[in-house]
Amino acid sequence: MSTAPAPLLRRLAAEALGTGLLATAVIGSGIAAARLSPADVGLQLFENAVATAAALAVIILLVGPVSGAHLNPLVSLADWWLGRRDQTGLDLADVAPYAAAQTIGGIAGAVLANLMYDLTAVTWSTTDRSAGHLWLSEVVATAGLIAVVFALARSGRAALSAATIGAYIGAAYFFTSSTSFANPAITIARAFTNTFAGIAPASVPAYVLAQTAGAALGLATVWLLYPDLAHTAPATAAVPHDTATAPAARTQDRLPR
Amino acid sequence: MSTAPAPLLRRLAAEALGTGLLATAVIGSGIAAARLSPADVGLQLFENAVATAAALAVIILLVGPVSGAHLNPLVSLADWWLGRRDQTGLDLADVAPYAAAQTIGGIAGAVLANLMYDLTAVTWSTTDRSAGHLWLSEVVATAGLIAVVFALARSGRAALSAATIGAYIGAAYFFTSSTSFANPAITIARAFTNTFAGIAPASVPAYVLAQTAGAALGLATVWLLYPDLAHTAPATAAVPHDTATAPAARTQDRLPR
Amino acid sequence: MSTAPAPLLRRLAAEALGTGLLATAVIGSGIAAARLSPADVGLQLFENAVATAAALAVIILLVGPVSGAHLNPLVSLADWWLGRRDQTGLDLADVAPYAAAQTIGGIAGAVLANLMYDLTAVTWSTTDRSAGHLWLSEVVATAGLIAVVFALARSGRAALSAATIGAYIGAAYFFTSSTSFANPAITIARAFTNTFAGIAPASVPAYVLAQTAGAALGLATVWLLYPDLAHTAPATAAVPHDTATAPAARTQDRLPR
Amino acid sequence: MSTAPAPLLRRLAAEALGTGLLATAVIGSGIAAARLSPADVGLQLFENAVATAAALAVIILLVGPVSGAHLNPLVSLADWWLGRRDQTGLDLADVAPYAAAQTIGGIAGAVLANLMYDLTAVTWSTTDRSAGHLWLSEVVATAGLIAVVFALARSGRAALSAATIGAYIGAAYFFTSSTSFANPAITIARAFTNTFAGIAPASVPAYVLAQTAGAALGLATVWLLYPDLAHTAPATAAVPHDTATAPAARTQDRLPR
């Protein structure tokens, strides 16, 4: 009983809530940054990135034990794909409900951010984000995200996910030219606000396509680096010992000796 | 003997000291930011947010083992509420003394901040903070705080509280339009300084009301996500294994696999 | 054999090296900040604070297992004082050598910072820092430092020291008006550079006096919060379980339940 | 079988990928910072430093269990040197392939950064970085890096490497005048971009020479502080207990007591 997963409805609520809070944090901190630091776009993005990184880490801790804190349809899809043989991942039948919950939650989060800043509930973004180098950036950003998420998972280090994924997204805001959306649900949500973090609806499809390609590349990276699934018992996975289960991880392979 | 709680007086001293230091950090860093970065309000808020986040994490570690590091009357109240059946929370009789110690400590911390910056001990704030979208922000900020605090507690991850709560408040400074007071004791304390972090006394009651509503919403979120209390032994709760006790947390439910 | 302390000379080398690197980080990042961000003193202090916080955490990890990473004569003195009955602290005879190594190392670190920025090896600071509110700030900053260091130690959470103390100093740079020197050895070292982080030699004695008073206040705080010494075995102290040994720390006393 | 290292080719792929991502993060965030914060070079460097620190920590976690996450020819060389007697380090025969993979990966990462920002794939840097005080800074930066990496490793705290090394490099960006390249592979890669993080090819050799001297100094520091190799079993090394194995680390020697 105590090892049964949460009921699907509770897990969907967790995904909707978590993705919604993430959208609120991304968009809300973007509005604050743009209003309060009007003279320097870099500073705006930096404030936005740090707030997003911290919020994302907290949200993963908030809903992780309930739903896995995917917060991202491509993570849900990859989770199913990587676990489909061992029955360790999300059920295929749950992928679409997860994606729907994430997207609906994200949109609600965008509306909440607009309202908290005294804006109309929905204002369609007019920020065009269409260019080859931006799509390349989304491929890179999403590949890195998927690689990091499942590298930790497959080597028994899931307990490090929250801080690590927050740090990754915060950094990727700055090292990609697209500011690293890397998430179809959040991308759609960001179309619902004509503020700093917005994206014009017409720019969304290509972003999502690039993100999907990036997810595939990320899965290939996971397969390259961690070809074997670590059968880590949760109890031992809790502390970050790099070496416990991954075949590649004996003393000789780790950084500092 | 070694498992007995600290005497009430020592716990109250810890709450007063901790909340006082928090008020000092919030107000003091706000004064420094406003004086030293006069040209950019966003930068001021960012400096204020980072200093507050770091200080809050440290203060939770400083007094946590003594009093629980509630530092917030709504956390004390929620702690009693959630533990009232299992006798695992604060005694009802201790809620009011905790709230009093937090408020008195917070005011003393405001005075200390004023004095450290060579200001009169008390200068009533003239910063009006009264608007519907600000109250909405306080509801959201406090709901998130309560949800995060007790999500960690009920899933055996209290050892992550300090860093997580610091990160949450730091992020919420930026993603809410009210800059996330989320704490009646600190709100009252911030009325005692006419500086960056201040709030006009007339704006305090509505803020506290919004925070209280937010706390109720946060408790509902805890109940939604973590309906069962985790009976985690302290020793095993110390390392962050998400999966140990929460019914929802088996391998299949966690983020990265 | 494996539990014997390092030889005194190696411990003194570690203290000199660690304090030297800390002085280099404090002063060097101050020079960079002042040169590169000339228009905003708040941004300069923020860059200085973040670099100092990160460097301090790293340095504590670098030399901690060798010498205890006191890096501060007042920490060495307090360590002796708190452990004098149980023989668990620094030997009284080692306090003066520790303080000398810290001070000499700090001065060498100041010289290195000057040289790395193409300045004369020693340039006496002309920055006057003499005022009652600055001394009050140094009392507060040092009291907080001593309280945090020994609160962690006495409750079996020394493994958290590096990150926590870095975070504390980074925050205190901003919430005290004196920018939180909180360390006589570093204060003296900062007299050797006429740059952002400098302090005029004439201002040093009062700063050190205030710091010493703050250390006494910090010890009183430790005694108030953690009257009993935790006899934690090193192996169990390694993971941060708040509750293991401190009499005050049973489940009911900790933050989130 | 489960303790065998990963095949050499997979380890080389990991080193190439990891160093490539590091170069992308360093150079990409530098381009974003310079474009978006044109008015303040200090803010540019700060944005660059924070993004680099976060990305470096994530990358170490990403590839660490596979290849050790050296990401730096001097770390690979030092790893072989320190482990040559106990056969615990990299094989001498693998040092050159590691260095080649790191350098090739780094260059590819520079090209990727250029492309993500819509620049020509390769633009030779014209940023001259030749001066005695810069070389001194590279000696200091690299000595510190090597000392920190192997201090953690030799005292059974390798699990702390990712966050610690990220923090070190982030701080060193600001406390050294050279902005802490500290890595020959990344230095070479940075010649391939005429942007914020670039270095003119003619300035590379002296930087690499200074870094190599710094690595030797770092090894001397490791020998001074941690003369004995800790024979820590990976499983016990995973949690940060400072005191487990290093001869110098008994209770009395650690920081806060």
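Chains here go by letter, A, B, C and D, matching the order in which they are written, and residues are numbered from 1 within each.
Rule of thumb we're sticking to: contacts are C-beta pairs under 8 Å (C-beta built on N, C-alpha and C of every residue); 3 or more make two chains touch, one makes a residue touch a chain.
Since the model is a prediction, treat every value here as computed from it, not as a measurement.
**Q** Can you give the rotation angle that fits subunit A onto its twin subunit D by Cα atoms, in degrees and rounded to the nearest 5?
**A** Superposing subunit A on subunit D takes a rotation of 90 degrees, nearest 5.
**Q** At the subunit A/subunit B interface, shared numbers over all numbers used: above half (same) or below half (different)?
**A** The interface is built from different residue numbers on each side, given that under half of them are used by both copies.
**Q** From the C-alpha centre of subunit C to that of subunit D, how far is it in Å?
**A** It comes to 26 Å between the two C-alpha centres.
**Q** Would you mind pulling out the distance in Å between where the CA atoms of subunit B average out and where those of subunit D do?
**A** Subunit B and subunit D have C-alpha centres separated by 37 Å.
**Q** Give the residues of subunit B that touch two or more other chains, as numbers and ranges in rising order.
**A** Touching at least two other chains: 39-40, 43, 46, 50, 152, 239.
**Q** Touching pairs of chains, all of them, please.
**A** Chain-chain contacts present: A-B, A-D, B-C, C-D.
**Q** Which of the residues in subunit B come into contact with subunit C in the complex?
**A** 1-6, 10-11, 13-14, 17, 21, 24-29, 31-33, 35-40, 43-44, 46-48, 50-52, 54-55, 57-58, 60-70, 75, 79, 82-83, 88-90, 112-113, 115-118, 149-150, 152-154, 158-159, 161, 166, 234-235, 237-239
**Q** Under the stated contact criterion, what part of subunit A meets subunit D in this complex?
**A** Touch list, subunit A to subunit D: 39-43, 45-46, 49-50, 53, 131-133, 136-137, 140, 144, 147-148, 151-152, 155, 157, 160, 164, 167-168, 170-178, 221, 224-226, 239-257.
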